[in-house]
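Labels A, B, C and D are assigned to the chains in the order they are written; within every chain, residues are numbered from 1.
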Amino acid sequence: MAMWDLIVLWIGGVMTLMIFSFLYKDNPFYKFAEHLFVGISAAFWMVKAIQTTMIPNMWAAIWPKSVTAILHAAQHTEPNYVRLIPLGLGLLLLSRLIPRIAWLSRWAMAVLIGFTSGTYLVRYLQSDFIAQIRSTIIPLVVITPQGLDVIQSLLNCILVFGVLCALMYFFFSLEHRGVVGGISRVGIWVLMVAFGASFGYTVMARISLLIGRIDYLGQWLQSFWNIL
Amino acid sequence: MNILKNLLFHLDRRIIYLAVALAVTIPLMLHFAVPLKPSPIVQSLFDAIEALPPESKVILSFDYGPSTLPENDPMAFAFARHLLTRNHKIYMMALWATGARNLDHTIEQVIEKEFPEKVHGVDYVKLGYKAGDEGLINTLFRDFKGMYTTDGHGTNINDIPMMKEITTLEDFDMILNVGSGRPGTKEWIQYAGDRGNIPIGGAVTAVEALLLYPYYPRQLKGLLGGLQGAAEYETALISKYPQFGKTGRQAQVYMGPQAVAHCVILLLVILGNVSYFLGRRRK
Amino acid sequence: MKKRIPLIIIFCVGTLFVLAIFLPFPPFPAMEGEVSVWFDILKGFAFVLGGGNLIRVTADKIRKGHPDRFYLWVTLVGFFGMLGVGLFQLGGPIASGGDFTTEGLWFRRIYDGIFAPCMAAIFSTLAFFVSSAAYRAFRAKNREATVLLIAAFVILLGRTPLGNSLTAWLPDSLSFLKIPWLFEKILMYPNTAGQRAILIGIALGIVSNSLRLILGVERSYLGGEHS
Amino acid sequence: MSFFLSPLILNTPDYQYFALDKINLFVILILLVTAILFFILQARQGKRLSIRKIAGLEAVEEAVGRATEMGKSVLFVPGSRDLDDLQTIAGLSILGSVAKMTAQYEARLDVPVNRSLVMAAGQETVKEAYLAVGRPDLYKPEIVHYITDEQFGYVAALEGIMVRERPAACFYMGAFLAESLILAETGNSIGAIQIAGTAMPVQLPFFVAACDYTLIGEELFAAAAYLSQDRRMIGSLKGQDVGKVVAMSAIVIGSLLATLVVLSGSSFIDSLFQAFIRLFALNY
């Protein structure tokens, strides 16, 4: 293992233990790791934004010749002046720094919010409304060459009525009383099964993460052993 | 008895934490592997890849960060082994900035070690990370090379042999997503699969998997859910290609501590209910 | 004027993107992809605001003699250190496209030594939180909680070899009581039913919320209606 | 290549001017939009529309009140995603209502965020809320402050804020990922009243298990309307219910047809079923 890899591993192991120490209680080690992580990660994403977006997608698009030294592919591209629009919107956004014209930043914000609402509206209608209705349309009775498949039919009924009852729970216009109350009660049970199953299923993922970390701490300890 | 009751009623969360830590650490030190039979949803993805004609073009997207490595890495490794054994061409990309490191990891750990004869640019290509999240899929759907003007090493995209026939996402035969959140499999389905009828295979953390069940089998060819899914895929792969029996068991080794930790949590749930009912009787 | 123009912008942009999906000729199909890129560029500009805010708030606290001064300094040092290392590319250039995997890069060293371990460690504490939540929340307090408990318990059992062997002795005629069978069916049927209803509800919520935004009925993010 | 100019460059005049394969989507879209508009207009004409109680939202004011009494702060987390997620925007709308309450009660509000754009929008929201209830004197720009874009760095800082400041009420409203349970368990350990709301199906179980109240999916998007008591907003919720009726009838009719196909084997019913189900195809 190269010297640097070893140093990186050591620091990593120490940072891991500092974070874990929070589980016992808040303490100076955790505080240190937390504040360091906040500072470093904020800068990390900022640098990333400059390198993966601002330079290649904005600067290089508007003025390709200026960046050929770092972006070789830019040599052959024509300027794309459409990208002047996000540049302009970005400047509008920065108007927040000057209180007198700060209201201009709302224009940029409005473009973003309009974009989000417009695209979300149709996309969710397609993938989560229409497609999920389509998937729920199934026969309530299943017949195999051996005759009626009671269990499968029952399961299909659970699926269809489960969706219907749970949807009933979400109705805003109706108070949960009487028949509606009864149906939405069943709906809550369906949701509870889904939540319980989902929670139980997830435990595995969370344990996996811990296994990965403990494996990492194992390597960390082993690196001491190797040096001794 | 009273001491026991008191312990239950005032169980400090730190004791729970300690129990979980031990449940994971001890089996991991003892190193025991748990082989598992592939479930239908895993097998169907394995079969779908088996059924692709040789030299098919497959995207392998690394949409996960370092935080879910233990779950996602074995999946990416198994896919890489399977695809290269079947002589498919792998296009490796990442929608997550943090995915680029995992992509390299797969190349270093699996491709270069186990498939030294495979050539970058001919059998597999590292396209790397591009910003844009799901918007990137959107853009790639129209114009692949407009976004990826170079590969991950800075080589012009037109100089790479296996990129010659690619213009849009629709030129690919399958998209495999190894993911742990958003953007991930769901976005690949919404932005590529549903629009271009491109077969999508997912390999995601257990949490994500649950959300994707509704998309199977209509919008999704198959799904590896969490470590268990990965271990099952390893079983399928090893039973068809025994040469991976030695190297290809990452997920199976992690399944040992899983089993013990699950038992501890089950025990905690039982204890929680015992304490609840004892407490109610006391009132 | 200050209020009306943003509302007009939202209306136009929102309507445009709703209709774009139905218009299969240029420029509409490529528009969403292009504007997603704009969004990222805007996020880049916004970093000036966010980073500035982080520095200002932290520095203010230090100046006012906050008891955690030392740690606040750590944040500032970490921030400027990483920013410098990234922008001046210490140890070698960061490749175009933001690939920083080259050996010897300081950016990569800090990522591997501090960023990635902290991130993974915090994420993995979930294993502990999931256990303490299970201990507290899965109690048969009422009917709803009992349903939750039973579903969770069966799924947890189904994920262990123990659960599988527990019911293996059952004859095939009772196979629907076996844990692996129950595990799969709970996931595939009642769970899917619940998830679907939630998804359909969310889709409707999104349609209605988007429409409220596009029509300017909801506008608190622009500062409500009161100024 | 400028995509705006591409229609002029491409000299193929025979485009299709409407995506016919999405005609079913278009029809359903028009149906829903009309229903929602209808109720918004009804509300505008002064018709009283009432909706059922949502327990989690009834508890919001109580939680803010308790924080005030105890002299502790109110923590509001608008999710961990950016403004390009509608849940974040919904979360910010709820923040507007919560901020009005903290201004009225003179409770301390703390809104740490992990996206710069959310910070900008959040500051506008809170400032206007304080202005609206006549307490601009209580507004400070650092109420909404940026931490870091990194999800877990943000979580680490939130955990720190929780154990050190010990807020009496924690609101988690928006798009949440894995951090949901970390936040909810930490909040639980300090004994805060916790009200969560998200449309991330995966995270809902954790909030349901560890928080006092949880807004499930659709309820998150309805929350701002409910809290503001704005008649037009409530009208739009009524319109959503029409969507539910559409969904439920489609499932009932479709499943009955499918069952009839199985039972009768008639090819006429089968073609009827195929025609019906095509309405919900991804490509018509």
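Keep this in mind: a residue touches a chain if its C-beta (ideal position, glycine included) is under 8 Å from a C-beta of that chain, and two chains touch if they have at least 3 such contacts.
Quick caveat: nothing in here was measured; it's all calculated off a predicted structure.
When the partners of chain C are compared with those of chain D, the chains appearing in both lists are A, B. Chain centre most remote from that of chain B: D (centre = mean of CA atoms). Of the two chain pairs considered here, B-C and A-C, the higher C-beta contact count falls to A-C.
With centres taken as mean Cα positions, chain C sits 18 Å from chain B. In whole angstrom, the spacing between the mean C-alpha positions of chain A and chain C is 3.
If you average the Cα atoms of chain A and of chain B, the two centres end up 16 Å apart. With centres set at the average Cα position, the gap from chain B to chain D is 29 Å. Those residues of chain A in touch with two or more other chains are numbered 19, 22-23, 31, 33-34, 37-42, 44-46, 48-49, 52-53, 57, 72-73, 82, 93, 96, 106, 109, 112-113, 115, 117, 120-122, 125-126, 129, 131-133, 135-136, 160, 163, 167, 170, 191, 194-199, 201-204, 207, 209-210, 212. Among all residues of chain B, those that touch two or more other chains are 13, 17, 20-21, 24, 67-69, 97, 129-131, 150, 154, 194, 207, 210-211, 214, 228, 258, 261-262, 265. Contact of a single residue of chain D with at least two other chains is seen at positions 1, 3-4, 25, 29, 32, 84, 86, 89, 117, 120-121, 124, 146-150, 152-153, 156, 178, 201-202, 204, 206, 208-209, 216-219, 222, 237, 240, 243-244, 247, 282. Partner chain B is touched in their complex by these residues of chain C: 29-30, 32-37, 39-40, 95-99, 101, 111, 116, 119-120, 122-124, 127-128, 130-132, 134-136, 138-141, 149, 152-153, 156-157, 159-162, 184, 187-188, 191-192, 195-196, 199. In the complex of the two chains, the chain B residues touching chain D come out as 13, 67, 146, 181-182, 194, 207-208, 210-211. Against chain C, in their complex, chain A makes its touches with residues 4, 7-9, 11-13, 15-16, 19-20, 22-23, 31-58, 70-73, 82-83, 85-87, 89-91, 93-94, 96-97, 103, 106-115, 117-122, 124-126, 128-129, 132-133, 135-136, 151, 155, 158-163, 166-167, 169-170, 187-204, 206-207, 209-210, 212-213, 216.
Chain contact summary for the complex, chain A toward chain D: residues 19, 22, 25-26, 30-31, 33-34, 37-42, 44-46, 78, 80-82, 93, 96, 105-106, 109, 112-113, 115-117, 120-122, 125-126, 129-131, 133-134, 136-143, 160, 163-164, 167-168, 170-176, 191, 194-196, 198-199, 202. By the touch rule above, chain D contacts chain B in their complex via residues 1, 81, 152, 177-178, 189, 201-202, 282.
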